[in-house]
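Working notes for the structure below.
All chains are identified by letter, namely A, B, C and D, in their written order; residue positions are counted from 1 within each chain.
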Amino acid sequence: MIKHTTSLRVRYADTDKMGIVYYAKYFEYFEVARTEMLRALGLPYAELEAAGFGLPVISAAAKYFKGAKYDDALRITAEMDEAPSPRLNIIYRVLLDSSDELVAEGETTLVFVDAGTGRPTRPPKLYLDVLNNLTLSR
Amino acid sequence: MIKHTTSLRVRYADTDKMGIVYYAKYFEYFEVARTEMLRALGLPYAELEAAGFGLPVISAAAKYFKGAKYDDALRITAEMDEAPSPRLNIIYRVLLDSSDELVAEGETTLVFVDAGTGRPTRPPKLYLDVLNNLTLSR
Amino acid sequence: MIKHTTSLRVRYADTDKMGIVYYAKYFEYFEVARTEMLRALGLPYAELEAAGFGLPVISAAAKYFKGAKYDDALRITAEMDEAPSPRLNIIYRVLLDSSDELVAEGETTLVFVDAGTGRPTRPPKLYLDVLNNLTLSR
Amino acid sequence: MIKHTTSLRVRYADTDKMGIVYYAKYFEYFEVARTEMLRALGLPYAELEAAGFGLPVISAAAKYFKGAKYDDALRITAEMDEAPSPRLNIIYRVLLDSSDELVAEGETTLVFVDAGTGRPTRPPKLYLDVLNNLTLSR
């Protein structure tokens, strides 16, 4: 498994009148976590787009265990299988940094598309190369 | 089943650089749909809060079939079982109003909590009454 | 002056932990108000984009008088001068629908650009025609 | 003047179909910048709230010079006068980290309120102490 941890801090804008992070915001946190995981792999998402690929989300889910609060420091792990696939299944865990309590967990599936046609396509070579190099280096 | 349909229009703010609605935004659309369903039932969510109850989301999921675009008119159905329960399972379908194409579908589970303690609680009487009246009137 | 009024309802997502609408959200409400003003003029913004023009915001400001709350019904007026110009200065007023209390007021300046180059350009003919017809019809 | 610089990265969620950061988002970036300025002063905003004070925004403005793009690293400076006042006037500058180009600048005015009544109030002692210590230490 490929695993990466990102840190972020809850903004006032993220909270709602219940005093906790609005439930849809976690999907934005997941975006940050997968962006940073791809960057850590040496494959910034912006480069994938520059190479003519898109990676839209086709399904997303989250479970909420504890309401994160304003200014909480969060740790978000993103994890995915290292076997190449036209679909990326990424699993997330959001933790309170101070106490390691589990705030939420989630999952997204993204699919490689040709940015021109919007149609699903085989994973780009630059992506496959990154995964191959990972495996070779073990 | 209780079923309600809400209409809304995609804002520029909702789109991302891919030119379609950002995936997390659909959960906000779901919020609008369930709010209007509860209002149509005669039970505005604001009244539930005023009565000392909260209804946080404990799980949420969505599948995306077609990217909705800026200024698209959308129709969102929200559906839930009319049997009283401390958990509300609501199912959503987002359709392009012009063509009836399915844009996305989703599901959320919400749980009644005591707003003071944050603890799960039995459904409030005003909610049970609404559901009972529905059944009686059939 | 061209003046148009739009209605919208405050979403849970729009509130913050202070229990009122987060200050940045009003700029999204302003977007809704100007979009509907342009549509009422017979010139949907989406058509301007389809014709190869963009209309980015170059300045924006707001003053806040009263915190709008969850589920409040708001009325937003957008007003602009009917003299053709490469810049659109639009003034907004946000009112509580129930009491006519002033919630916020604001202003945005937008400038016509060529969508290809991103450079400022003369207002598109379809926009000038709309304004001319307005004046003629008085 | 008190001045503090914060870094952040543009999220996909922040962009709109024009391919640049949506104009309202900058006000959220300003929030991050002033939060971090207050923290650097030794006065986290969360502590102000815990002490029974609120600091709502009463006016906000921005000018936009260049569209920031997805994944851009931004530097945001927040600056305010160190003379104690019941109103905080904060000025912001958003720069592209790679080139120092000016993306946007803005200003917000916030006012201390009693969190219980919502009424404007004198600045809290813990805030005055921080400013006094700043001045003394020069």
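We take it that a contact is a pair of C-beta atoms (placed from the backbone, for glycine too) under 8 Å apart; a residue touches a chain by one contact, two chains touch by 3 or more.
The shown structure was predicted, so the numbers you read here are calculated from the model rather than taken from an experiment.
Participant: In this assembly, which chains make contact with subunit A and also with subunit D?
Facilitator: B, C
Participant: Any chance you could check whether A-C or C-D wins on number of contacting C-beta pairs?
Facilitator: Contact tally favours C-D.
Participant: If you average the CA atoms of subunit C and of subunit D, how far apart do the two points sit, in angstrom?
Facilitator: 25
Participant: Would you mind pulling out the distance in Å between where the CA atoms of subunit B average out and where those of subunit C do?
Facilitator: 28
Participant: Any idea how many Å lie between the Cα centroids of subunit A and subunit C?
Facilitator: Comparing mean C-alpha positions, subunit C is 34 Å from subunit A.
Participant: Show the residues in subunit B shared as contacts by 2 or more other chains, in ascending order.
Facilitator: If we look for residues of subunit B contacting two or more partner chains, we find 12-13, 20, 24, 28, 31, 70.
Participant: Given the complex with subunit A, which residues does subunit C contribute to the contact?
Facilitator: Against subunit A, subunit C makes touches at 12-13, 15-17, 19-20, 22, 24, 69-70.
Participant: Residues of subunit C touching subunit B in their complex?
Facilitator: Where subunit C meets subunit B, its residues are 11-13, 28, 31-32, 35, 44-46, 49, 70-71.
Participant: Okay, in this complex, where on subunit D does subunit C touch?
Facilitator: So the residues of subunit D in touch with subunit C come to 18, 20, 23-25, 27-28, 31, 54, 56-64, 67, 108, 118.
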